[in-house]
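Two complexes, one shared chain (chain A), two partners (chain B, chain C).
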Partner chain A sequence: MTLAPNTYTDIPYEEKAKLIEEVMADHRYGEHLYGCYECGICVAACPSARFYDFSPRKIAQAAARQDVELMYEQMNDDVWNCSQCFSCTRCPRGNNPGGIITVLREVAVRNGLASARDALEGYGRVVYKIMSTGTQVSPDMLQPNAFPDWGPHVKAISDNVETWRKALPPETLHTTSTAWNVDEKTIIELYLIWQATGVMDMIGEVDEGLHMILEDVMEDVLDEAGYET
Partner chain B sequence: MSLELPVLKERRAERKNAPPPTEDVREKVFEIEAQGDWIVHRVPDDHVEVFTKYGRVKKIPRQNLWHHKSCGQCGHIPGYSTAIFWLMRKLGLAYEDPTDQTSCTAWNYYASATSNAAAQAGVAMRNFGAAYEAGNYPLIHCGTSYGHYKEVREELIHDPELRKQVKGIMEKLGKPFVMPEEIVHYSEWVYAMRRELANLKVLDFSDITATVHPACHYHKLVVEDAIYDRDIYDGQRTAVVTAVVEALGANIGEYSTWYDCCGFGFRHILVERDFTRSFAIERKIEVMKKEANPDVVLTHDTGCVTTLDQSQFAGRAHDRDVGIPVLSDAQFAALAMGAHPYKVCQLHWHNTDNKPLLEKMGIDHESKWAEFEEELRMIEAGEKEFLTWEDADG
Partner chain C sequence: MAKDVLIVGGGPAGLHAARNIADIGGNAILVEQRDVLGGTPDEARYAALTPHLESAQDALDEMRAAVIDRPEIDLRLGSTVLESSGKAGDFKVSVAKNGGEAEQLDVGSVILTTGFQHFDPGRETQMYGYYENPDVITLVDAEKMLSKHEFVRPSNGEKPERVAFIQCVGSRDRRLGNEYCSKVCCGIASKEAIEIRKLLPDTKVYIFYIDMRMYGYWENQLYWPAQEEHNVIYVRGIVTEILKRGDRLLMKGEDTTMGRPMEVEMDVIVLSVGMEPSAGTREMARVFDIEKNKYGFIHTPGEPMDPVSTSVPGVYVAGAAAGPKDIEDSIGMASAAAMKALAMVRSAG
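Coming up: the complex of A and B.
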């Protein structure tokens, strides 16, 4: 019996079960789940439970019951609410609901679920930055239109960013499009890691445009460095 | 109405001889070396021994550190990284600020899930290999990188297939396959060095009260590896940051939601910031104000400084009870030791008004800002290319 609401009825059970098996086969999964007391301690500690219709207890329970329908529903409608803070590791049973969510998200991305694509919309720029430059956050990301709720201070930074970066004593920080100066050889090594680990396929599942741009950038750099692409 | 409960001051929870409830992964790290699978990067002899959650000893290297920088710190709050370097320079300790370092890429793990175990481990081991090649010990600036690398270490220990795959990738890159003996966060170094730092303080902070936000990815991931100290919260809460505040002679303000996260949320700070700022204001800043009314919030991770600081602007617009400046422990210690608030601590990158704090610290922010503006003018006029360390201490 499932505790899932009547959702995703158009998706055959077998398809859902295949994804949930993929989740359970992950080597981290067994370390994140030991059954559940239903005590709710994780919910009390969870920031996302305060502002969303979301509960780490439900995540742990659905997993403990191996409720395929409910887990599939959570994989679509719940997992992106999680803050990945791991406050839920306060669980007296030793569970890690946040860790279960990490695995659920990865399976959702790997299989290109529409909900994962939606959740990651607007993310392309960020994923591109980290994968192509080796640093995630850069000074030139601080633009007033991206952070209107942070006030005029963001505009002050973006107006002065060139000079303010030169006014930093560490020599590696005189950059605006990366957080620090990452050398060329290191970028090549990073691209080789992406190539060797199948990460590019995951990107392709959720954002074809981004996948194409990244492949182009990587190919140019690796070709020039004499690697076969 | 607050309830006065009798407190047994003399009570002290003793672990006695009970074994720690978790395995010591470091033993496994050495076993894997003995099997010939990887090299262990040993903590140099010049180190300080501290205690972790279940009473084990952790070695914190004093110098010859390879700074694994944080992209959020360097990119958006660069006074954070600069202050860490400045502390080392002030103590005369050698360090390396490498360009062959990448971010941990954990953002693609905790935020977007567009990564996998092998890629995450590959990035970690490439950085560790680079530090080993340089002959310096990695010091991780970011709490998320630190927590994440410890998760990666567990995965590599428990999954021989993953280890083999990542070792193969390192061979292809021409990098040694290296696991550090200890994974060390910069705030652990600040904790270990707090007395040496306090010896060099030039300002009296006895009127300053700080509330501390312990970073989730520091003490909630691989919990047994975080530093605890019997003299700080009776060993019931991580001691980093708080012990530094006390060593510098400032006061700790207690508040009830210390365990709550800051609201950063990874994807939320980017695309659902209404959650982030509501949580930061309602569960952290307003509670701190009401219960401790601090002069400053101190924390030891990138996202926490950003979230707790930047979120207050919207709170002000909604007449919420906000307005506490947010700094890192490193910036706080540097200020106590006479660092320039703008040339070193780069406080102009922070949002919430910190002038009242500087005044209370006895720092003349107007003249300091004028000095900094003169440096900016010279850079813009082409009279100097960059602000140097010598300028920063001038």
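Coming up: the complex of A and C.
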């Protein structure tokens, strides 16, 4: 049942309904959604709403309506505009639109939705960086083409990144390919956590190539560290 | 001098005023045009009272029992007040059993509890097709079904899959002349929506509104539970038109949340009709020559500190004869009016 026009006509209703059922069955869902009276405090507090066509109020409202078409539409579009800062939790009804988005995103990723792949494409190198160095962003990644939203000064900084780097405390080792030094044990533990909690499976759903590379790299690291693989 | 207080109208306010007067040692004459007591809640077969959903008939039975067979209360059922003369402390009113001869009564003061009538959605505009589509009903029609513990599509007796309430029908509308909020419809629609969801758990129930007005504790007695426990769906935006499509109703409106027009099919549409002055209220304003406000309800010039005195000394009003009221308002006003009416009789005596 929906009040919205069907914007994804090529996807059968049952398929959308199944995904939304998966969202509503999530154990966190009940505490993220009470009722919405359209006060708009979540939108007023939302940084993303200032820059994108995005409204946490619409997320809460669609969820309260259990509107399959609308929620599917949002799962493919709106949810990727959220920065997950949870400013929206100042809701007087106790709603957590950002939390609903967390669940919608996870279901989108678990089910390999094309929108999830597109939205997360840029994060492949971040994930790879974490697994290979233990830090998610390094100074040499700060290129104007990768971060256009960082403003006009990004080029000046990236051109002189080695000089800037030397001005920072020695814990950074003054390198530009890592943010700081991370112990290999930490990287191994992070990988094992990702495996145990399903993060690796999620990566597999959105980027099969990256998943393969990570497994290859980590298999060697684990072997060398004496883990049975 | 006359010792009796005349009460016109045997609904909740009239019943409560009569009981109060008797309880504090006065005498009341209660005139009711129907042959039974209980007023609009009885006549319209209200199922459950807002906000606690207890049985309306049980509540009325308790109120009726408190006035029947009491020596201090002279019950005149099936009767109407025809004319009045005199002044505070000394009114002469003629009361007739319907179709019978008029009797002259001496009363010291008067309480009007003649109530309201539900807005007739086909009165001036056929916008929602109330008289054309059997599946377009009012809160009152829904209440009648719910009092029998059922809710069906009137056109075919089948279970509806989708039900929509439209708020503010006949209220807050300059074109109709009813600029006021009828105050109780948001609560009653939410209450009925909860009842429908309890009866028919697979039925989707929508409420389309301008702004929900559930003041005070109604907020979490009705509004929040309707949303949070019973999944009633509230959508901000009012419907402009209802058309027939196949055997369903096509509703056109704006989904203001999503900022786009909306066309959606429903099985039953409930119009949340507001309050207008009843014929009895208009007639008593004439009989006692009291001022009405611009909407035809009885004017209460002493508001806010005195909500029950009218423009004529010795004539008081309680309940929805003075404008949209819920039952709590009506009961409170009835006690206030009883006190003033009895004080008037005693000071005159």
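The rule is short, and it goes like this: the second predicted complex is superposed on the first by the 192 of 229 C-alpha atoms of A that agree within 3 Å, B and C clash if a C-alpha of one lies under 4 Å from a C-alpha of the other, contacts with A are read in each partner's own complex, and residues count from 1 in each chain.
In the analysis below, a residue touches a chain if its C-beta (ideal position, glycine included) is under 8 Å from a C-beta of that chain, and two chains touch if they have at least 3 such contacts.
Everything quoted here is computed from the prediction, not taken from an experiment.
Engineer: Is A:Lys18 touching the first partner chain B, the second partner chain C, both, or neither of them?
Structural biologist: Touch partners of A:Lys18: none, neither chain B nor chain C.
Engineer: Contacts for A:Lys58 in the overlay, against chain B (first) and chain C (second): which applies, first, second, both or neither?
Structural biologist: Once the two structures are laid over each other on A, A:Lys58 reaches chain C alone.
Engineer: Name the contact category of A:Gly151: first (chain B only), second (chain C only), both, or neither.
Structural biologist: In the superposition, A:Gly151 contacts chain B only.
Engineer: Examine A:Ala196 and indicate which partner it touches, taking first as chain B and second as chain C; both and neither are also allowed.
Structural biologist: The answer is first: A:Ala196 touches chain B but not chain C.
Engineer: State whether A:Thr102 touches chain B only (first), chain C only (second), both chains, or neither.
Structural biologist: A:Thr102 contacts chain B only, not chain C.
Engineer: Residues of chain A touched by chain B versus by chain C: which partner has the larger set?
Structural biologist: B
Engineer: Which chain B residues qualify as touching chain A in the complex?
Structural biologist: Touching chain A: residues 69-76, 78, 81-82, 85-86, 97-103, 105, 107-119, 122-123, 126, 130, 147, 155, 158-159, 162, 165, 168-169, 172-173, 175, 216-217, 220-221, 223, 259-261, 263-268, 270-271, 273, 275, 277-279, 283, 310, 313-314, 343-344, 346, 348-349, 351, 372, 375-376, 379-380, 385-389, 391-392 of chain B.
Engineer: Can you tell me which positions in chain A touch chain C when the two form their complex?
Structural biologist: 1-5, 34-38, 57-58, 61-62, 64-66, 70, 93
Engineer: Residue numbers of chain A touching chain B in their complex, please.
Structural biologist: Contact set of chain A toward chain B: 27-28, 45, 47-48, 50-52, 80, 83-87, 89-90, 102, 105-106, 108-109, 116, 119-120, 122-123, 126-127, 130-131, 134-139, 141-142, 147, 149-151, 153, 156-157, 160, 163-174, 178-183, 185-186, 189-190, 192-194, 196-199, 202-203, 206.
Engineer: Quick check: in the complex, which residue numbers of chain C touch chain A?
Structural biologist: Going through chain C, the ones touching chain A are 162, 204, 206, 212, 223-224, 227-228, 231, 233-236, 255, 257-258, 260, 262, 264.
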